[in-house]
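Labels A, B, C and D are assigned to the chains in the order they are written; within every chain, residues are numbered from 1.
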Amino acid sequence: MKIAIVGAGSSYTPELVFKLGETASRLPVTEIMLMDTDEKRLSVMGGFCRRYAKSLGYAFAFGETADLKEAVAGARFVVTQIRIGGNRARTGDEKIPIAHGLIGQETTGAGGFMKALRTVPAMVEIAKSVEEHAPEAWIINYANPTGIVAEGVHRATKAKIAGLCAGGMFPALWTAAALGVPAESVRYDYAGLNHMNFAYNITVGGRAVTEAEMEKIMGQVGSVDFGLLKKIGAVASPYLQYYFHTRKAVEHMANAPSTRGEQVLGLEAEIFAAYADETNSQLPQALHRRGGGGYSEIAIGVMDAIYNNTDRFMVANVPNRGVLPFLPEDAVIETACLVNAAGLKNLTLDPPPKAVWGLISAVKNYEQLAVDAALTGSRDTALLALVAHPLIRDYDIAKPLLDELLEANKQYLPKFFEG
Amino acid sequence: MKIAIVGAGSSYTPELVFKLGETASRLPVTEIMLMDTDEKRLSVMGGFCRRYAKSLGYAFAFGETADLKEAVAGARFVVTQIRIGGNRARTGDEKIPIAHGLIGQETTGAGGFMKALRTVPAMVEIAKSVEEHAPEAWIINYANPTGIVAEGVHRATKAKIAGLCAGGMFPALWTAAALGVPAESVRYDYAGLNHMNFAYNITVGGRAVTEAEMEKIMGQVGSVDFGLLKKIGAVASPYLQYYFHTRKAVEHMANAPSTRGEQVLGLEAEIFAAYADETNSQLPQALHRRGGGGYSEIAIGVMDAIYNNTDRFMVANVPNRGVLPFLPEDAVIETACLVNAAGLKNLTLDPPPKAVWGLISAVKNYEQLAVDAALTGSRDTALLALVAHPLIRDYDIAKPLLDELLEANKQYLPKFFEG
Amino acid sequence: MKIAIVGAGSSYTPELVFKLGETASRLPVTEIMLMDTDEKRLSVMGGFCRRYAKSLGYAFAFGETADLKEAVAGARFVVTQIRIGGNRARTGDEKIPIAHGLIGQETTGAGGFMKALRTVPAMVEIAKSVEEHAPEAWIINYANPTGIVAEGVHRATKAKIAGLCAGGMFPALWTAAALGVPAESVRYDYAGLNHMNFAYNITVGGRAVTEAEMEKIMGQVGSVDFGLLKKIGAVASPYLQYYFHTRKAVEHMANAPSTRGEQVLGLEAEIFAAYADETNSQLPQALHRRGGGGYSEIAIGVMDAIYNNTDRFMVANVPNRGVLPFLPEDAVIETACLVNAAGLKNLTLDPPPKAVWGLISAVKNYEQLAVDAALTGSRDTALLALVAHPLIRDYDIAKPLLDELLEANKQYLPKFFEG
Amino acid sequence: MKIAIVGAGSSYTPELVFKLGETASRLPVTEIMLMDTDEKRLSVMGGFCRRYAKSLGYAFAFGETADLKEAVAGARFVVTQIRIGGNRARTGDEKIPIAHGLIGQETTGAGGFMKALRTVPAMVEIAKSVEEHAPEAWIINYANPTGIVAEGVHRATKAKIAGLCAGGMFPALWTAAALGVPAESVRYDYAGLNHMNFAYNITVGGRAVTEAEMEKIMGQVGSVDFGLLKKIGAVASPYLQYYFHTRKAVEHMANAPSTRGEQVLGLEAEIFAAYADETNSQLPQALHRRGGGGYSEIAIGVMDAIYNNTDRFMVANVPNRGVLPFLPEDAVIETACLVNAAGLKNLTLDPPPKAVWGLISAVKNYEQLAVDAALTGSRDTALLALVAHPLIRDYDIAKPLLDELLEANKQYLPKFFEG
């Protein structure tokens, strides 16, 4: 079985290789095809992965290519982890909004919007290639913004895509940490969008948690006020802090000496120096400071459930199909699913907390406009997307902000600068 | 036929009396019962209305009462124009939010919320009285926030209510002004909520307006950027300025020497002095500076259509019933209706502009929580309402703001201070 | 103003001419273009209409043409009353189902299906011509089955169509007859499909009828058991007799000496002989026995409301758009509308009686398959349509029945006999 | 762990005991409480079960009781397999409709309706007892009509109920038989109601079956015409034969020397004689001729998934919750679910075949009226239920039929004979 990793130059690739080795008894991968358009990073990563796998006793055959068709043809799974413009573009996504008094963040707000404009067309190109050259393959995506990317791919292609985010496991992990139970015993209703979601009706081994237990679980969230969570009646994605504590977050960002992207740039240099060292076959220390792990576990969980046809409760980004009646049928939502060989089917839910459906709607409206803008290159639609975003909304702010963001990303957005 | 005017101490009452006289051939009103809890204003207004009607040659029999049951019993229509706390409470609604860096406005944002908390229980009390003592009567409401009030009354009673706003006629008036056509020839789709709505598919005598004509009509709106309206593809309620031009509006309010409420307080003193002058039977000059007229025309239009069973296209606040699929079935929306003796039935619509459904959803979520809070006196729900409001949202702002608003309105909100 | 009458060879044409003359002050028609593919009937009708109009003192200019484009170009309204295959085809629609032990009827059951297969493609052709040559014109259709025809035209064209049926007025007429009130004072909720509908929430001058009054109104329906109507809680289209009293109706039809179509064939011969008599300018006596009048009143009511932009409550066949949540958004339903220059907008309704939504759904499923079959010429879809029809359903009956029906209509159904 | 079996006098009980023994490693049942109101059958079954379990080496402690509270208190699962009126009442359900020219069948048509009237109140009583005395217990129901029973229990109580039917596994079993693949590898969309359902989008190990394979699978259905299934594009419950081949089925039933119920009465006598033989500890031969097995496998599958919190794809009867948009939110449907400790959650589906949604709607309308009638004892509602049923519909047939059915079941239907 062949797996393709698109965007293999990512520093996360070795973690995925490690996990694939660990689960070889369930996922009999023989070939890992590394694909990246940055041939230098690809070459470094190819070398390291071979040394690393060898040191672990894994027998994978690694390939390297910059050609999409070669990468995906014959693959059973295509793992996508691309980052168009790299962490350098990311720092722009962060700093430009901050300069306008807004949240400057990789996936939320104007920064996430700009990342969407860069990423959706690239992911659609990948998906079209999969559609043509590996129509039975599943795309396992964790390129962000993963919900917007999934909606773009669903809209423009028929490729099979599992849009994943580590956040889907958080309610289980929080419950496990708060109550001392195995995460595997936890189930919940989970409603909303990527980085804009709420979990409720939490059960442990089928038993509904008590109110006191629920408060302990809420205590794990951290980044959203505990009193607010109690009133809402659900745990929330940590990214809700940018909505419910905007002023504090903006102040914090405005006063921070560097953005997260800038920090990562430094870390990545350190990490890649270690990867490039031909005498080294161990994961670099700096990787722990990099954060963002956990994706590979979910990615492999999905591949396992699909490959082995084992029914499994998982959270993913899938078309709504009537589960959230206040959103369009075809809107991609992040929600609880049954995953098996037949794919991802979302489950019916109790209605989400009565205080948050409007916020979810507002963000989904923005997301659908962002997909429209990314697929068409329309500046008007892009501006409407920013105005529809609850964190921006003010036309007088959005208009100059958009101009600045587009200009800064000119090289990645040819459609916006045609004609 | 008897008409009751509840909140008859309002300075708008004479305008209504004038219009009732003008349409006597269609609405054979014989008795006008003035009701107000402020007996001093009631007495002044009773005196003036009698002199005014006499001067116009109208033969109405006027009654005065502070008793709700006496007012509504036997009435065919109950016109409600109450203002709990008067313009003094209104200035608090404006100034407290401004002090927190927010929009301070009578119907929009935190100010509108506080007005809702004061008004909904009072209107429910009136509606229950109508339900009991005049079950066939129609409540013709223009007490604000009219959409929230209508939803509260629908939720708590079975009384018949027409929730009106002059804004429902604006698209016709703008089209008439822009194109030189009669307002009566204009029809449109109209979607959204009170003070949060959009009109599109405008026709004149059945002919769809051209793109160039539509731009002329958009040019009439004034308070929302013309370029934004063009991108949205609809005309918008002028109150959208508080959403799309928040920063400017907040700055303007913060720097204004006085709020609208404060100005009105002054005007009202002047107006009531004139009303109280027993030698005077003419409308005071200051009334023109008071603004807000036009309600009586719509109110009488609705009464005419109901009384005479003439089918008539009008905009009103009614339960959604599936017309806007992204809102709950029972959510009150402001939309195009057919009005006749059988009541108000909303019409199906083309979907509203693709850029605004999320904003409408977010505001409706707030509104439903505001109704919940007003009916129950729950501080938790009140706080969730402020957090759900797109113009507030930040929990760290909402929490102290709510405390301050409730404290300032303590005398009008007994439910919030029980136990 | 020009009006085109397509299918002008119909015996109903003079009635329409008469009504157009009567309403000349509201509908200033100058030219009536008669169009028919049967040039002999057209010529007879042209001659009679001229004599008839002259005798009435009407100044219409009549034209005659067999050319569709010539007929519709420049028209403000295109009245369609075609009958493909004439009453001869109709007798087949009646007699073949009867021979299979089924309801044999012009619009209901297998007979209505066959009429749909013949009529939908012809109406789509007309609508496409209107779309091209008179895009602002309204098609005023009363060719049956009018609901299926409207759905076919909506699906295949963008032409404006008002799908009418005299049955939409029945609840008003029954109420007027039962209670001695003017039909104009009556309003109601009206839900369902053409010839498959229910009216309830009846008001007279805005006052809900009492239970006793409702029973009197139900007593007017006649063809559906009174006790059943009381249990259902609504008045019903008389065509419901074919669903609720199937056995009796089938027996009656099987034992009748002739079908309605056969009777009409005789009457039409008599009527046309009178029309052809060049000395005659009066409506023939036999027309009263022909029945089916009343259409022209509704047709002219709709044209009046559109032309003069007078808001008017009327029943018509329009896309559902969420009003009946158990039917698809785009399914054409027969329901209460507001008609004015902007067109037909259906009104929101209270849910229909709890005992009938499943039957309405079943018939709508059939209707949508009938439209599919008519537009594609697919025998498989045609068979599924018959199986979906509640009056047929049995595959062992439907299969040979379909073969026989198609064979009998071969000349009118080229798509079904291609390849 | 205690399991209660309500209706333990059923001849199926030993099969369930056998399976519980087989799966002891996953379901550590220690106590099996047999409950029945027929104390004679209960005693026979208790004796046999003890001998049978002992012969198999199972260590269950058996209890016997006629008291519902004693049966359910402390139970983890309450398996319900009641048959009110026994097979004697069933023969009436079959023979009375046949005498009226209708399908006479245990779960479909008028017979199923009568069974529903007897069974729903009894199941609601059991569910209320579970709600009170074992609120965490799951009711595992296979008393028929299982969909109607589930809706009745959901409407009247908050007890947890899994409404099961062996038919949910048929698409997997047919696919396994047709293609020689393991049933466990098969997944599908499954839409409709109990005994009124369709499966499509069949996959084997995640691979969509080919058209040729689908035809082979359709070939397994048997009781519905293969050509019709191809046109529909799905496999169908064998009970669809009563809808699509009504005439043949009615003829067959009218000419059969005995009904299925009569045959079962004979078999049951034989089976119970064997059970009562105190020297016998083996399953009687006649049980194979009894049919209807397979339920226990599904019942235990559900209990396993709930007890062990293993995610599992299964078909069950659950509230719709938006999955089938043409049915009410709260309508119980039979559909694909994820089962785990948190309960049963239905999955989103592709829309069912375009030719069958109307039939499903019609039957669901009947089912909801049947639940209404069963819960209220209203003869009017009962009559509307029969008229809403696609296999009856004719009021002239339904009216005398209902009288006869009620009279024959008088002893089981006290609510219908009160007052």
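In the analysis below, a residue touches a chain if its C-beta (ideal position, glycine included) is under 8 Å from a C-beta of that chain, and two chains touch if they have at least 3 such contacts.
Note that the structure is a prediction, hence the values are computed from the model and not measured.
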- Identify, among A-B, C-D or A-D, the interface equivalent of B-C, where equivalent means over half of the contact pairs coincide by residue number. A-D
- Note on the structure: Distance in whole angstrom between the CA centres of subunit A and subunit B is 45
- Task: Could you please state the distance in Å, as a whole number, between where the Cα atoms of subunit A are centred and where those of subunit C are centred?
- Result: 56
- Going through subunit D residue by residue, note those that touch at least 2 other chains and give them in order. 325
- All pairs of touching chains, please: list them by chain label. A-B, A-D, B-C, C-D
- Message: Applying the document's contact rule, which stretches of subunit D touch subunit A when the two form their complex?
- Response: 136, 184-185, 187-188, 201, 203, 205-207, 306, 309-313, 321-323, 325, 336, 338, 340-343, 345-349
- Query: Which subunit B residues qualify as touching subunit A in the complex?
  - Reply: 225, 228, 231-232, 243-248, 325-328, 354-359, 361-366, 368-369, 372, 380, 383-385, 387-388, 390, 393-397
